[in-house]
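The first chain written gets the first letter, and so on, giving A, B, C and D; residue counts start at 1 in each chain.
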């Protein structure tokens, strides 16, 4: 177990550092080059940097899982850290790198998808005026995401969390001249920022109680070999003894124990980033960004940060059963809710966005149904995160290729593309089958495991939702597949042709991952809690029904959109009437939010405050000025300039003074 | 003459040099000013390095100290009979503020490269003002402090009244009068302390050795705090700031919002809290409440503003609220956060005003809805604006986050003499501002820079010139350096903050508002 | 009050008369519109003052003459004052064709 | 008996003097006011005699009546106020003036009558007081008044010159025009 021999284990910091250096090089150096040179260099530099990070990540995964093979308890290593921010004694942020199974897993996912997206982008974004800017931001994002993944403490996580939010903001608003992109980027940032308020409060709360516990817990932590640990560190927070003390705390707030409260707050942040209901509204709009960005940030990596955060804090969540229940219900509801909306959308990227929401809900409730004693859901969630990243990135990149070909986002403008774009068609079909959960593609295994976990946990309702969602997913995914590839060609799709090679390579590579990822023995690699080990085979009692609903969904989609053409679906929509409209309008959530912000916050808070300040507070200041002048003016009228008036005053004053003196002092 | 005196006198010498030049050589004048401020910046850098080496070593030793340790002290008796000394020196707080001022005045000189109306008088006044500011930050004699304070406040009237825009006379008058009311309160407090101490000295360090009676502290502390609070835009005495900032010329807005407003927080900490710990304990929660209003109210007020300068001024009200909030939280993290926030807000708001000046110089409008899509034609300015905006909404990686997280932690962690529930509640209310800030920053900036270009005249506009790039680049780099490497900054100031906290702990055990 | 009139004339009787003259002077000073009239009222005041000096001289220090000396000085000052006052009025009249003091409010504003 | 006569005289002159003084300040013809003033000053001279200050009475008549009032009459004529009926003071003016005067009189009289002055009651002035007056006025000892005397004479001189200068200056300017 000596990690000293391994170069990569000792220098994990290189993985986030390389994209960062590349970001700096691009942002400070290359951006100042002449336009042509800029465009030539930026794509190459950025892509190479991320590819080398990916190579290092694979190396790391290899080394790490060889150091801790299946069956061996996997240690969390912090090979490198330094004191970044010292709040006070025993309350510092040690920025560093944490290497444990899920961080390694995420590093692999992030670098893989990121490097493929970079490669894809060199083709997709070719000739765009903001080409260099695009790669700069993309590198910034990759750095931030890797920094988030390797965070050994919650504050570093928060820092990187905000940074990915900012880079996501920049990339959604990449086409900054397009008003819809601008408002989408604002919306994404503000909604996640609102969620981050909860996260920040949770961090402060954890820091506060952690700090208060620190003195009593520190000696035993030191004894167990955890030196140089700080209250923000995950190693501290997830330490059993700390959690025990934490649970024992009698402080409550609004009827919630502090542990539950802080976990719910943290989950609020996670829900914002992972776009859980009701903070989901930003993700569909985020599709205004370039499609590769959607693939990388809003499908494969950033949006799973919330899931990752919950997984990272899982022992603490598990210690507070209530918080975990919240995770489960929110996840399950989002899975269903988003899947239902996904059936009605026409924009291919929005359908994918809702499917992302739905799949994220899957991962969340998988975490929610597990516990430290039954950690299958934890493994399943991470597994699904892993497989979803590949097939969803593939779907988005495929969608990007389609959009690139027909210059429209609407699935009705596509149609009949199967022949014109064979490679895209094949890869997208693989991904669609994968997300529908068809054996033996990646999605099948992970989804199956989640359903098994839900069933075993006893939450039958959640299991039923999961099964239902699996069917709906198959339906709406095949809806877009059938319409786009086999539907009636429109004038948009007549001149479509296959994407360039730089875009196809990522598609093919991701397709290979999508086929192969399901066979990764995830249970050996990622597990937590007490019943580690025990490789799960396929539980056909669950897989059978799930395959059945998937097949049913596909058949229904075929029935509606291939066999029936457009008329049948229109008839169904008409039959559903108001229900259909409500779903199509995403249950009017955008309108509700607009109402809250525009009408309530702006009109009834901000405007009155601005008015109050200008008129009442400043009015008070002006009033005091006016009073001074007015009293001056009033006194001024007594100054007639006539000696006689002054004389009268003088006499009056003299008399008064005399009288006063005489009465009071004589 | 030592290092500190040179730091104070250099801007004044520059002003004198400018006076020597005939007014028509305005190009020579700005070069002299730039050289002077550039030399000052270098001197500051040199001092900072020397100081950092000394102060960061003293951190362990200062952990239990109750008296501020000064470095590079110079002391000359001035009026013996009244006990007034020329007593200057540096501690971590002063040092950070000197760095801030030095950077801002250098950037401000670059930003006023195009002042062509009465260039000579402008720079003379500007440099005089800065002399006053440096004097305030480095003097440890109350009388000297007050004298420099007035030197810093008064030129502002002329600078706004002559070179300003809009209702400049009104704004200048309002600003000066309100600050004068503040300084009147400070003067009364100073004299009260002077007489109560019975030491016949204005020496801040010696005055701090006296335990003032609680009855005195009870009424003198709020006088000091309100007096400095007026300058630090404490609610409801902040209204000079939107008008003043909106009317002032670019460099003056920068200096004023960036540096002069910091005198408020600096004085509140340095004098009010340091001399009167008992009063601080008693009034802490009250002022924490007021500053919470500042924070939330300022950010909501900024949402609806149409003028970029008003927009920034309201965000300043909110951000300066963080400074005083940190001070009012009365613990290590609060004080530290207050100082970092002073620094970060100074740089940030200096950046904002510089950029607004540059944008205004091109578009001739400051009205947000009149602009649009400017990022296309002025990418550099847009990027800098976004950096400033991101820093102001507390994005990690910039100094604002370091400051705000300190302040929030400080407020939440509380101390052992103020009601913990109230402090936590106020802190939670204050954190709401991070969302509101995001709303107004993004709304404002998106309207100005993003979207299609709304006015066809804008197509002909140009991006930043070299001097402008230098000026804004310096400020952006400072924000990023402090944000990415906060430990240097914390090492710089931490040793000097312990005494403030320890004094609070050491003073009597009076508990208020429980 | 009746005591006052029944008792033999003494210091207080004298002083009351002098005060009455002084008050009348004040009245004139405040109500007269003609500058010369005001000057006359001032003469009344001065006269009453000088009377006071003599009264106190007689009742307080009958053996000394200091009060009378003061009176002489007052008369002299009054003379000087009238001279200067007259000169001013004449000049004023030349300029403004009136000596009505209500029209003289240059002090205002 | 002597006291009785002087008391009667006191009341007579007091009544005379006060009523004429009232006329001085209320009459609308300024020249008449000057005449009434002359009478008041004459009554004051009588007062002086009653008080035993004969020299002062003389000075009063010579300087005041003979000099100052004549000057005033000149002033009246020079400012062409002779046939001018002075406008009546407004009611407010009257009220203010009356109030001021009455309040002054009331206060002062009240204080005077309710105060016990520690003084002799009407001791006569020494018969040779005029000589004493002259001596004292010109005495340069510690009790003397020679310095004020000189200053007063200077003042008078200044006033005379000043009067001429002020009154003349503008006429010269006028003439220059």
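Observations on the structure shown:
Going forward, a contact is a pair of C-beta atoms (placed from the backbone, for glycine too) under 8 Å apart; a residue touches a chain by one contact, two chains touch by 3 or more.
What you see is a predicted model; the values in this text were computed from it and never measured.
More contacting C-beta pairs link the chains of A-B than the other of the two pairs A-B and A-C. Centroid distances from subunit C, each centroid being the mean of CA atoms, peak for A. Put simply, the chain closest to the centre of the protein, by Cα centroids, is B. Averaging Cα coordinates per chain places subunit A and subunit B 36 Å apart.
One finds 66 Å separating the Cα centroids of subunit B and subunit C. Note: centroid distance subunit A to subunit C, computed from Cα atoms, is 97 Å. Annotation: 71 Å between the Cα-based centres of subunit B and subunit D. Within subunit C, the positions touching two or more other chains are listed as 26, 29-32. The multi-chain contact residues of subunit A, meaning those touching 2 or more other chains, are 644, 647-648, 651. Taken residue by residue, subunit B touches two or more other chains at no position, since every residue touches fewer. A complete list of chain pairs in contact reads A-B, A-C, A-D, C-D. Residues 93, 96-97, 100-101, 103-104, 107-108, 111 of subunit D are the ones touching subunit A in the complex. On the side of subunit B, the complex with subunit A involves touching residues 63, 174, 177-178, 235-236, 238-240, 242-243, 297, 300-301, 303-305, 314, 332-333, 336, 373, 375-376, 390, 393, 395-397, 401-402, 405-406, 408-409, 412-413, 427-428, 431-432, 434-435, 438-439, 442-443, 446, 449-453, 486-487, 490, 494.
Interface of subunit A with subunit D (complex): residues 644, 647-648, 651-652, 654-655, 658-659, 662.
The part of subunit A that touches subunit B in the complex is made up of residues 83-89, 91, 155, 158-160, 162-163, 166, 169, 173, 176-179, 182-183, 185-186, 189-190, 193-194, 196-197, 200-201, 204-205, 207-208, 211, 597, 601-602, 605-607, 609-610, 613, 617-618, 620-621, 625.
Subunit C contributes residues 26, 29-32, 38, 101-102, 104-109 to its touches with subunit A in the complex.
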